[in-house]
Each structure stands twice: as structure tokens, then as C-alpha cells.
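Note that subunit A is present in both complexes that follow, paired respectively with subunit B and with subunit C.
So, the complex of A and B:
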């Protein structure tokens, strides 16, 4: 399973790392992004929707996890 | 975290900028206040250096409201984060990030003084006044941000 932990990093690092990781992955694989930067909770889903990937957001206080299934 | 739309946020900022203009008689800026704040601190260490500094001879660091406004932004953001339950001490895991931020911050401060204003002073305050210098600054800031976006992908 692919996990990127970008806790402590602020925009645009979480989104850029997420996009870079997804480029290396194949269809159907899952990427988990762990972040604590609130704007990334918006920017990552917007970009993933645009690229056509499916995702789910799990919130845990100020931290959150986004599970992305590459399409 | 609850989000407000870009449009709503933009309108709120515009209205607050008008309020600043009406009450203080000068448009909103950030980095002038920051340089004044540095001058206050430096006054305790070497007041002769501050008084002999050509920049501070021209822009006398006495208008305290700019400094108060700068601290108000930080305080407001802090309260907003607390209210939105988003507050957390965040430390980058990649230690190079500290050096990166330090160098970037120095460039920002240097550029803001060189250009007589940062993105707030020029884009939020200068452009609405149709200042030519601010339009030039806007184009240069956008160009700089584009170059920066090409460099950052190699640094993360």
C-alpha cells in the first residue's frame, strides 16, 4: 500500500507530492495521503476529481486522511 | 473546517480594506509595518543605526497602526483556527524545509522593500488605485510565482 505522510507540510507540498505519487501508480492501486493542512483537504479532492480518481476523506481532529483509488 | 467561497472571502476582504482606508486614511499593507516593527526592536539595540538608516529617515517608523494590524492578522488567524478546531503545532518532517522557508522568506522581505510593497500593498491597495507601479508589480509577482512553482517541484 502506498502512503504519503505530509503532516507538517503546507500548500502546495501536499498536493504536489500526491500528484507526483499518483503518476507512478497503476489503475486500481490505492494511495493514502495523511495531512494536517486544512487547505489540502480542499485542493487534493478538487485535483483528484479533475483527474477522475475516486477518493474518501477521513477526518480525525485537525488531521485527516484521504484514500485515493487511481483510475 | 468550514470553508467560505472565494467570492465571499474576496468581498469580505474588499469591505475590510475599505474600512481600513476610511478609518486610517491609508491603504492596507503588511511589509511596511514589518519593517517598522524591526526598527522598534533595533531601537533597543542600536538606536543610532536606525536613525542613520536612510530608509527609516524617509519612512519614519512611527505609524504604529501598521504594526498593530500585522499582529492583528496573526491573532485573527489564530482565533479562527481555534474556532474552526484546526489549531495544531505543525512541524515539517523534512528538515530542509526550514532552510527553504528561511531563504524564501528572506527573498520575500527583500523583494517587498525593493518593490515598495508586497502582494497586499500592491495588489490589494495599489491596483484598486490604478497605480501603474502596482500593475507592474502584479505582473512581476505572477511571473515570479510561476518560476517559483517550477522550482518547488524539484525541492519537495
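So, the complex of A and C:
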């Protein structure tokens, strides 16, 4: 299971770490991104949509996680 | 929280001009996500960069009158281009993400980190020649009392950022203040080639 914890990071670092990780992965694999930086909740989905990957966002108080399935 | 000059110099020396994403960033000027309050070094900030812009606006208006707003658009455009270049230089991996994401990221990062406010993009389609966004929590107008509220410098900044990313000239078509919601709707249009 691929997980990156970007709590404490601010834009654009969460997005860039996510994109860097996705590049190493194969189709069908899942990446979980854990963050506490609200703008990342918008920027990561925008780029994942642009790249054609599927994702779901789970809120947990000030933190959230985004599960991305590589397409 | 205080950071010594030595720590800052060491940080800059270590990065070699680029940001190491595995290191904690130095806290800087930003807007609190919940309150919109400007913060500097994790503390509430009362004097900020945008205050300087308010003074600049007033001085310019005193000297050249109505034309000052046009000048501010041009100054803003040049600032936006320069800031976009600086962010792209610090984070070269941003070149690998889509233009749409670059626009979202750079507009948001630059406006927030210079203390100009938060942006919500309303219309962004690379096939269309225009771009529409709302800017809120903008502190630059708060202490500007002698002239009507405008946002031409910040709108100009957006045109500079988009121009840098898309490689085309963008001009401010409209910049309207919405008094009820205390925000600004900015429309940019691609300049015909």
C-alpha cells in the first residue's frame, strides 16, 4: 500500500509529492495522501482529474486523506 | 516563533536556490485558512506588504489621476510574471503538471503569500479566450479611504501569472468590486495576436 504523509507541508509541496509518487506507480495501484493543508484538497484533485486518475476524499477534522487509483 | 538570520542564511545556502520538499518550510506571510487574517512567522500580522500598495495607489492617483489605475494594472502584470517565474524556479517540478493545475496553484500561492487574498476560479477553459475569478479576503483595500475601491493591481497580477503560464498576453477586461460580499470579480481576456 502506497501512502504519503504530507501533513505540515504547504502548497505546492503536497501536490508535487503526490505527482512524483504517482509517476512511480502502475495502472490500478492506489496511493493514499494524508494532508492538513486545505488548498491541497483542491489542487490534488484538479491535477488527478487532468491526468485521468480516479480519487476519493475522506475528511477527518482538520486533516483529510485522498485515495487515488492510478489509471 | 522567531528565526535567526543565521538560520535563514543556512536554509537558503542548503537549498541552492531550490526548495527541498523534504524539509520544513520557513513560515512566511500567509492568510489564515479559517479567518483570512494575515499571518507572519505564525503570528498575527498588522502591517503587511499590501499596505504599501495602498499607499502607492494613493500617491500615484495624486500625481497622475485616473490613469493611475491603468499604471497599476501594468505594474501588477509585471509583478505577476516575475512572481510566477520565481515560484517556477523554486519548484521546477510544477512544469510537469497540467496548465490548468499550474494556473490554480500559482494564482493561489502568489496571492496568498503576498497577502493579497484568496482566489476562487470561476471560469477556466484553455480553449476559451477568457478567464474569470473571484478574489476574497483581500486586505489591500481596507485602509484605502480616499479613493473608490478598485483592485487593478491584483487583477494585473493575475494577467501576468496567466501570461507566464500560457505564453500569451492576457489583459484585464473587467474588475468589479462586490460590496455585499466584499470580494472582487476579475475577468481577463486573451489579447488578439
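FYI, the second predicted complex is superposed on the first by the 71 of 71 C-alpha atoms of A that agree within 3 Å, B and C clash if a C-alpha of one lies under 4 Å from a C-alpha of the other, contacts with A are read in each partner's own complex, and residues count from 1 in each chain.
The rule we apply is simple: contacts are C-beta pairs under 8 Å (C-beta built on N, C-alpha and C of every residue); 3 or more make two chains touch, one makes a residue touch a chain.
These figures come from a predicted structure and were not determined experimentally.
On the superposed subunit A, the positions of subunit B and subunit C overlap enough to count as a clash. Judged by the touch definition given at the top, the superposed model places A:63 against subunit B, while subunit C stays out of reach. When both complexes are overlaid on chain A, the residue A:8 reaches subunit B and subunit C alike.
Judged by the touch definition given at the top, the superposed model places A:17 against both subunit B and subunit C. When both complexes are overlaid on chain A, the residue A:41 reaches subunit B alone and has no touch with subunit C. Judged by the touch definition given at the top, the superposed model places A:51 against subunit C, while subunit B stays out of reach.
Judged by the document's definition of touching, subunit A residues 8-10, 12-13, 16-17, 20, 38, 42 lie at the interface with subunit B and also at the interface with subunit C.
Per the touch definition, subunit C reaches subunit A in the complex via residues 19, 21, 24-25, 30, 33, 87, 91, 93-94, 96-98, 100-101, 104-105, 108-109, 112.
Touching subunit B in their complex are the following residues of subunit A: 5, 7-10, 12-13, 16-17, 20, 36-38, 41-42, 61-63. Remark: subunit B residues 1, 3, 84-88, 90-94, 97, 149, 152-153, 156 touch subunit A in the complex. Across the complex, subunit C is touched by residues 8-13, 15-17, 19-20, 38-39, 42-43, 46-47, 50-51 of subunit A.
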